[in-house]
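Take a look at these structures.
One chain, chain A, links the two complexes that follow: it is found with chain B in the first and with chain C in the second.
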Partner chain A sequence: MRSYLAVVRGSTMMGMVYRFGFLAATVGNVVYLGVAYYLWKSVYGDATTIRGLTFDQTFLYVALGSTLFIVLKTYVDWNLYSEIREGIVAIYLVRPIDFQLYMLASCTGFFLLSVATLVVPTILLMVFVFQVSIPLSAPLALLPFSLVFAFVLTFCFDYGVGLSGFYTESIWGISTVKDTLVLVLSGALIPLQFFPDTIRDILRWLPFQAVYYTPLSLVTLPDEGWQHVTRFGVQVGWMVVLLAATRVLYGRAVKVLRIAGG
Partner chain B sequence: MSVAIRSPAEYLRLYFLIEGQYIKARLHYRADFMISSVGMLFSSLATLGVFAVLFSTIDELAGWSFMEMVFIYAFYMVAISPMQILFDQFWFLRFDVRQGTFLKYYFRPLNMMFYYVSERFDLKGLTQLVLGVGLLVYSSLRLELGWTPGRLAILFVTLLSASLVQISLVVAAACSAFWFINSWPVLSLAWKMREFAPYPMTIFSGLMRITFTYILPIGFVAFFPSQLFLRPETVSGVVWAAPFVGIGLFAVTYLVWSRGVDAYTGTGS
Partner chain C sequence: MSLIHIEDLSKHFRVLNRREGLGGAFRDLFSRDYRTVRAVDGVSFDIEPGEIVGYIGPNGAGKSTTIKMMTGILKPTGGTLLVNEKAPYDNRIHQAMVMGVIFGQRTQLWWDLPVIESFRILKEIYKVDRRTYDEHMAMFDELVGLSALYPRQVRTLSLGQRMLCDITASFLHNPRVVFLDEPTIGLDVSIKAKIRSVIEELNRTRDTTIILTTHDLGDVEALCRRIIIIDEGKILYDGGIDKVTALFGTYRTLKVQIDESCETKVDAVRASLDRRFGPDRGITVACREAPWTNITIDQDRTPLSDVLTHVMGAFAVSDVRIVEISMENVVRRVYDGALE
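Right, the complex of A and B next:
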């Protein structure tokens, strides 16, 4: 455990080096919030609710969604890919560490930093500039856990795609397909309520919505009760399944690795 | 240093020669091309998916119908393709500047920007271009837009101008590497702005509208020029600037690039 904590600390320090990157992400996100505000204002027009959501609920959802999108970028797929390509991965294979846990720890620092530098300012901006009230309710207690699980789920997607680097040198396409699927099917851009009912019933059980819709609805739908618990259960279930699946995948993929010299 | 004056025709011949070699080399990686093209297709269709979901609950967005939005988005896809296909090399400028590999571009009797962009031809971007053209044709048939030779000429000129706007914004952002080395923050910001281009600019007000029209004129990448074809009878004065904005902006960007090239002294590595 101590060695993984050291990796987390190391990746936090690495993140500090890229502070201008965080700054640019913050500026980009603020502009996006402005765009989203006008876009959804225009969508709502005179309507008070659409699909059971008020403008405030939808805007809060979309704003936190875009912030979460930046926070949940692990870049594990790209880092793993380049480490396989350059043969650096061989160093980890001889160390007495669990590779999956090591990779998870290596992106945790960035996650913690970006929660502090992005999520907190966004919430302040929502409350004080856009005057959106955030209701304090019982489901909020689940939020920290749900956020961490969403992070682990994203890690599983990215790690899985990164593992394909053992088989192919072409990762841009696979990674882009993954990003697009997650972005569209998770309700990251549009709340799932806006999807046609039949599609929504399918999406409900897929792992994608567990990344965005589950934590975001904890904030935006304070009146729902048991549905939160069900979604939380689905989230935990997928996390266990995907952690196990990527372990199996790693066990198979690492066998095809050949590194020339070095 | 005197640079040999070459005619545009000669540059064109050189370009085809260089890219021909590059494409031959890339075609060794057929699987990469296929997988990347699928990725490109997915990411291009994502925004359309979002529009489709949105329009399943509303009939129009700021007065624009779904099919009109498809037209604007198709225009956008075609307009950003030259940046993707021809100017992709600028994503690597920050590495070239840091590692010193940029120095080699000073030693050829060619226009430096030409030499630099000729290093890469992004094949997967062709997917976006083909999809964009297809959707442009499809949506204008569905909207029953009357195409005359004159209109088509305006379309060609406005697409050229719109793509120059997109190229200028990204290239200028990439050029910040000459002064700051790590241009990633500026570059990713400029790239993100592009995503807002297919939305109707009329939904914005105040500062955002001014910014998207005059300062970072992403309105000219798709929305303003599209109006010339969708609602030619109701366009405002600013829209008629669409065919010219790109050229002006590119001239400024070229100046920034030239200054950067002159200011660059290497990083010592």
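Right, the complex of A and C next:
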């Protein structure tokens, strides 16, 4: 355990080396929030609610959604892919570490840093500049856990795609498909309430919405009660399933490396 | 029991034969034609604790594949392979604790962090206790003045400094065996000497077994008492260094430039030298690196200066170089039966 904590510590320090990247992401996000504000303002027009959501709820949802989208980018797919291509992966294989946990630890530092540099400023901006009220409620207590689990879920998607680099010479296509699926089906782009009901019923049981909709709804829909618990359960369930699935995938993928040489 | 026991080890790869041209690439989409490459083909040897063994051979001989099997990265196709009495592939995490690896072309350090942080992370990964860690770092500071590099970001280090740091890192957990894959590649002479002396010191004081693969015969000569030569997946020679040193020690290659291309003159040079020195005087002439004509000379049989004087007199030589024999040449000689 201590060894993985040391890796988390190292990756946090590495993130600070790239501090300009974080600054740029923060500025970019602020600009995006301004655009989203006027876009959804015009969508609402004179209406007070659309599909049961007030403007404040929708805007808060969209704003936090775009912020999370940056925070939850692990880049493990691209990093792992280039490490496989260049053979650097051999260095990990001769260390006494669990590959999956090591990969998770090495992107955790970036996650922690971007929570501090993006989520916190965005919330302050929402409250003080855009004057959006954030209701304090019991479900908010689940938020930190739900955020961390959302991070682990994105990690599993990205890690899984990265592992496909053992099989294929380019992961560009797979990675793009994954990004689009997650962005649309998770409710990161548009709140799930705006989808047709039948599609929503299907999406509810898929892992994608557990990444964005589950943590975001804790903030924007404080009155939903038990539905939060159900969603939280689905999130935990998918996390366990995908962690196990990527372990199996790694076991198979690493054999391919061993057969094909490197 | 020896530290490394290898018996009839082999590793075969299946490689795709790609067809030529656009049409061929299209056909490759539907039917594929594989061939088997025997990268390592029935290799056997034993290595005792504390040995420094040079594992050498030309490019593509199977060196790296053997190292990758010994470190547990690749699974052998057949044969027995035991390191510290365990099969590396099946006990990867456990085995990683008893070995260190240096890949000369890559670094195991964290590229963006100050040097010292990499050591701190590795200390936790390998569960090295505080005292061992401090002693180790003090020893390296004394040997190569490492502490001056601690605050430097790894990406700003020179190749030689980085290699010293990589060596420090791989010996940190006090492994039983360290695999050094091209540790001096691309380094200048003084830093090479430093690295050799550090490796020798570690072997002497800690009794660490060292397997060295290199293209630099100087490394082999300075460090190894035993060498194993491999070519095309098979062992050509396994034994003391002295016989092999004698082999490359007395040979020199004289490179002369006569024309734009060596092809026009190579036969004339060969004939002229035959006339002057007679047959069987340890002289071979070849045209492999145009425009150079390579004359390899066994100095025990014919003095290099005589050959040089003769060639200078008989041909319009525009440039001359004298080089030590290359790894490829040593292997070729061993292959031709020079050690029998």
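As a working rule, the second predicted complex is superposed on the first by the 257 of 262 C-alpha atoms of A that agree within 3 Å, B and C clash if a C-alpha of one lies under 4 Å from a C-alpha of the other, contacts with A are read in each partner's own complex, and residues count from 1 in each chain.
Just so it is clear, a contact is a pair of C-beta atoms (placed from the backbone, for glycine too) under 8 Å apart; a residue touches a chain by one contact, two chains touch by 3 or more.
Only a predicted model underlies this, so the values are computations on that prediction, with no experimental measurement involved.
**Student:** Quick one: chain B and chain C on chain A, clash or fit?
**Tutor:** fit
**Student:** Who does A:A138 touch here: chain B (first), chain C (second), both, or neither?
**Tutor:** A:A138 sits against neither chain B nor chain C.
**Student:** May I ask you to decide whether A:R2 touches chain B, chain C, both, or neither, giving the answer as first, second, both or neither?
**Tutor:** second
**Student:** Measure off the angle at the C-alpha centre of chain A toward the C-alpha centres of chain B and chain C in the combined model, and quote it in steps of 10°.
**Tutor:** 80
**Student:** Touching A:I88 in the superposition: chain B (first), chain C (second), both, neither?
**Tutor:** second
**Student:** A:V120 contacts which: chain B (first), chain C (second), both, neither?
**Tutor:** After superposition on chain A, A:V120 lies in contact with neither partner.
**Student:** Which partner does A:V177 reach: the first (chain B), the second (chain C), both, or neither?
**Tutor:** After superposing on A, A:V177 lies in contact with chain B but is clear of chain C.
**Student:** Scan A:P96 for contacts with chain B and chain C and give back first, second, both or neither.
**Tutor:** second
**Student:** Touching A:V17 in the superposition: chain B (first), chain C (second), both, neither?
**Tutor:** Touch status of A:V17: second partner only.
**Student:** More residues of chain A are touched by which partner: chain B or chain C?
**Tutor:** Touched residues of chain A are more numerous for B.
**Student:** Check the residue A:Y38 against both partner chains and state whether it touches chain B (first), chain C (second), both, or neither.
**Tutor:** first
**Student:** Of all C-alpha distances between chain B and chain C after superposition, which is the least, in Å?
**Tutor:** Superposed on chain A, the two chains' closest C-alpha atoms are separated by 7 Å.
**Student:** Help me check something: in the complex, which residues belonging to chain A touch chain C?
**Tutor:** For chain A paired with chain C, touching residues are 2-3, 5-7, 9-10, 13-14, 17-18, 86-88, 90-91, 93-98, 255, 257-262.
**Student:** Over in the complex, which chain A residues touch chain B? Could you list them?
**Tutor:** My answer: residues 20-21, 23-25, 27-28, 31-32, 34-35, 38-39, 41-43, 50-51, 168-170, 172-177, 179-181, 183-184, 189-190, 194-196.
**Student:** Inside the complex, what are the residues of chain B that reach chain A?
**Tutor:** Within the complex, chain B contacts chain A at residues 29, 31-32, 34-40, 42-43, 45-46, 49-50, 53-54, 56-58, 61-62, 124, 182, 184-186, 188-189, 192-193, 196, 199-200, 203-205, 208.
**Student:** Please give the residue numbers of chain C that touch chain A in the complex, ascending.
**Tutor:** Result: residues 13-14, 39, 65, 68, 71-75, 89, 92-94, 96-97, 99, 101, 103, 106, 108, 110, 112-113, 117-118, 120-121, 123-127, 153 of chain C touch chain A.
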